[in-house]
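One chain, chain A, appears in both complexes that follow, with chain B as partner in the first and chain C in the second.
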Partner chain A sequence: MDLFLQQVLNGLTLGSIYGLVALGLTLVYGILHVPNFAHGALYMVGAYVCYFTMSDLGLNYWVAIAAAAVVVAALSVICERLVFHPLRHAPPIHDKIAAIGILLFLEAVVQMYWGADFRRIASPYNQILDIGGLTLPAQRLLIIVGAFSLMGALHLYLKKTMTGATIVAMAQNREGAFLVGIDANRVAMMTFAIAGALAAVAAGLFAPINLVYPAMGHLVLLKAFVIIILGGMGSIPGAIIGGLIIGFSEALGGFYLSSTYKDVIAFVLLVVILSIKPTGLFTKGVR
Partner chain B sequence: MNRAIDFLLGSTMRWLLLALAVVFPLVTDNEYHIYVMALAFIWAIAVYGMNIITGYCGQLNLAHGGFFAIGAYVVAILTVDHGWPFWPAFAAAGLFGAVFGFVVGIVSLRLKEHYFAIFTLCVGYIIYLMIDKWEALTHGSLGIINIAPPEGFGLVDFTQTIPFYYLVLAFLALAIWLTRRISESLLGRTFRAIRISDDLAQSLGINLMRNKVLAFVISTVYAAAAGGLYAGVVRFIGPEEANFIHTFDMIAYLLVGGIGTLMGPLLGTLVITWLTQAVQSLEEYRMIVFGPMLVLLVIFFPRGIVGSFLTWRGRRMARQAPRKTRESRVDTTDSNSADATEARNNA
Partner chain C sequence: MLKLEGVDAKYDSFKALDGVSLEIDAGELVVLLGANGAGKTTLFNTISGLMKPAAGRITIDGKDVTGRKPSALVQAGVVQCPEGRKLFPGMSVLKNLRLGGYVHRRDRAGMNRTLEHILAMFPILEEKKDQPAGSLSGGQQQMVAVGRALMGRPKLLMLDEPSLGLAPLVVKQVFETVQSINAEGTTVLLAEQNAYAALKIANRAYVIENGKLVMQGDREEMLGNEAVRKAYIGA
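Now for the complex of A and B:
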């Protein structure tokens, strides 16, 4: 039983990281209807910025995460301005190819400057908590608490502030949003900034229990895509629930079925679900 | 001027290109260049497959590199572990590509646009993971060495670069000829109707699912056949063949040459391969150049070299058309002007 609960905790950790990445992806999809393949690269750049702020500048872990969020948000906005904005009227296949172009570029640049070595961020929180027989590394607790408070903050921002409301409005109905005078450029830049920041924070939180290397974004990006397909593209609660589903199935499946194939589980789940229900689990109407 | 343009697009030009390719090994004495050219031709065959599903039919298939790797692995496993000769193994690679493509196609093509692209991206990754992890079948990350070369039946030795070059050239010519036959047939027009709009195609009575799956299967057979040839020339393969990077390379070749055009895939593959060769140090970091190049291409030249040329020609013909009709009627049955009209429609 303890082992099971342990896996549930691991699933919660993974799920909250995946959820954060998927949230950014789903927000961007809701506004621009672009599957942003570059999102995984933004996640990777976030981890590197975090790593170098800590190791080269010697700054505090939290300052490093904040710095990563700011840098990646800026990078994300630059991508929107230079690439997605000029392509907003192009056929859908062009956005996707351009996004892949950004992904390849960022990865190659990082690899050229910092090499393909694996690096590890030292967590300042190495304590191991013991709660009723369950061992819980503080970093994992930090991930869960951090991710969920960020999701809560995002929820409040979208529901309670004016700028948040414009993002929701544009995701719901583009033309309607224009009619009431919402500035599409501002909303698009805002959304890309938030998505980038979320990816960077997720990377910063996850990096201490994982490794930092140029291709680290691939699997996370693919899983985030699986999540938003499961949860419905553009749906915010869908991204969080989907993240938890994938996190749990990976932790439990990796433990009880096969740890070699644990990365395949998410994709097999996707194939099975889409074979039965091509619209995803929570989508209404359109596919 | 018009005659020069017609010549560039006509069948004489294609025969000329073929003749150039045939004499290429005779005029160069650098065997390495011939080898590079043969590899470029193999990639071009795979890119022709991608052109059918992505260029003509409009479905961005991101698992294409995975099917290439499957073709290579079928040949490798059958020849090394089961002692098959190359040619039956090669046929099996094509067959397996078709069957696997059919299965994946039936599931994935129920999805549209973004969903299809993401789904195939995941399929590509599953293929990579399976090759990497299923050690009993694929030898895992060690890869497979000593793959049998194609038998020449005592006539030629395909382990030599030059005979192999001609073999690959023959397959490439076959691939281009088939693509041309498909693109000019009703089937090709059906694919293009689907690319322009699913709903439009459906209202014309086109069975979407059947045609999309057909396009997908054709493309995976191209990819698997190219992979089989690749295994036959390189004779060592590893899980890296299924890496995304190869799919993205192929997208770059396709976009540079001209997506949805007949000669675009060949032109794009050759241009990029030789550019990469010219700057050897670029090999590892080629994505620093490819990435922004892809972005700039889709923003400014979404139709690539051949497509931009066709668009330019289409505009030119449109300008001249009123003058011409007074002199003599424009011959609209000519296949080239049909292409130009198509180019104009897409411009």
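Now for the complex of A and C:
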């Protein structure tokens, strides 16, 4: 039983990270209507900014995460302005190709400057907590609490503020949004900034229990795609719950079945769920 | 208040508007008649800034707004209630209405006043205000669409076939509402195929065919015109 609960905790950790990455992806999908393949690269850049803010500038972990959020949000907005905005009237395939271009470009730049070495961020919190017989490293607790607070904050922002509502409005009916006077550029930039910041924070939270290297975004991005396909493209609760489903199944599957195949589990699940419910779990009839 | 001079609009190479010139004065209720595919929606979308005119000039109160963004036009007081409503289906009725007042978001008190006014105009929306707009009936959704447009406090309200697909009783109600909105001082441009009902509440009308304005006149002229009766009233 304890072993099981232990895996549930691990699943929650993974799921909250995946959820954060998938949230950004799903928000951008709502605006762009194409999957942003560059999202994984933004995640990777976030981890690097975090790493170097700590190692080279000697700043504290939290400052590093904040710096990563700001830098990647800006980078994400630059991608929108320089690449996706000029392509807004082009066929969707152009956006996809451009997104892959950004991905390759960012990876190459990072590799050129910082090399392909594997690096590790030291967690400032090395304590191991003991919760009723379960061991929980403080860093994992931090991930869970941090990720869910961020999701909560995003939820409040989208639901309770007028600017947040413009993002949802744009995703639900683009022309309708224009006709009430919502400015497409503002919404697009805001969405890309939020998505970038979420990816960077996810990377910063996850990095101390993982490795930092140029290709670190690949698997996370693929899983984030699985999540938003599962949850329904553009669905926000879908991204969070989808993230948890993948996190749990990976932790449990990796433990009870085979840790070698844990990365395959997400994709097996995708095939199974899509053959039962092809539109994803959370797509409503209205869209 | 609104003036178009020689406006062309194109879908790729297809010219959907061809040299459209029209003028609407403040306080008027003007009807735009035209068969399916005549170019009514294209004209509205061009005025709203969703489409850029390929030629010509559009002015509002003498100010050139040709090629401006939709948000700039809403800011200038030109608000469209579009064909097909284009609501935010997953959001509550109230949220849809509030977003209609997006350009006045800093004026909370004013927004609440307009909102109250609209809910008084459509009592059913008060009842349904927390339901997702997409779950309402067609007529109720049309009320949300009209209400959302009114939340923008338009100087010029453009309504694109608001009676489309509604039951006769609801259609009557929609026309009464349009008339009362106009009576309260909002200039209205109304596109309709329901020519008789529309003309009855109008000051003037234009007729559009194949992207060209082919006729105009005041209510009596239009109602008495043989060609108009034949083509749009069927009597």
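Simple rule for what comes next: the second predicted complex is superposed on the first by the 284 of 287 C-alpha atoms of A that agree within 3 Å, B and C clash if a C-alpha of one lies under 4 Å from a C-alpha of the other, contacts with A are read in each partner's own complex, and residues count from 1 in each chain.
What we mean here is this: contacts are C-beta pairs under 8 Å (C-beta built on N, C-alpha and C of every residue); 3 or more make two chains touch, one makes a residue touch a chain.
Computed from a predicted structure; not experimentally measured.
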Looking at chain A, which partner touches more of its residues: chain C or chain B? B
Could you say whether A:275 touches chain B, chain C, both of them, or neither, answering first, second, both or neither? first
Should A:86 be classified as contacting the first partner (chain B), the second (chain C), both, or neither? first
Where does A:104 make contact in the superposed view: on chain B (first), on chain C (second), on both, or on neither? first
Applying the touch criterion given at the start, work out whether A:169 contacts chain B, chain C, both or neither, answering first, second, both or neither. second
Tell me the contact category for A:35 with respect to chain B and chain C: first, second, both or neither. first
Report for A:182: first if it touches chain B alone, second if chain C alone, otherwise both or neither. second
Under the contact rule defined above, give the chain A residues that sit at the interface with chain B and also at the interface with chain C. 287
Per the contact definition, I'd like the list of chain C residues that touch chain A in the complex. 48-50, 69-71, 74-75, 79-80, 82, 85-91, 95, 98-100, 102-103, 105, 132, 134-135, 148-149, 151-152
Parts of chain A lying in touch with chain C, wherever the complex brings them together: 162, 165-166, 168-169, 172-173, 175-184, 284, 286-287
Chain A-touching residues of chain B, taken from the complex the two chains share: 54, 58, 60, 107, 110-115, 117-119, 121-123, 125-126, 129-130, 133, 244-245, 248, 251, 255, 285-288, 290-295, 298-299, 302
Given the complex with chain B, which residues does chain A contribute to the contact? 29, 33, 35, 37, 82-83, 86-87, 90-94, 96-98, 100-109, 111-112, 218-219, 222, 225-226, 229, 233, 260-261, 263-264, 267-268, 270-271, 274-275, 278, 287
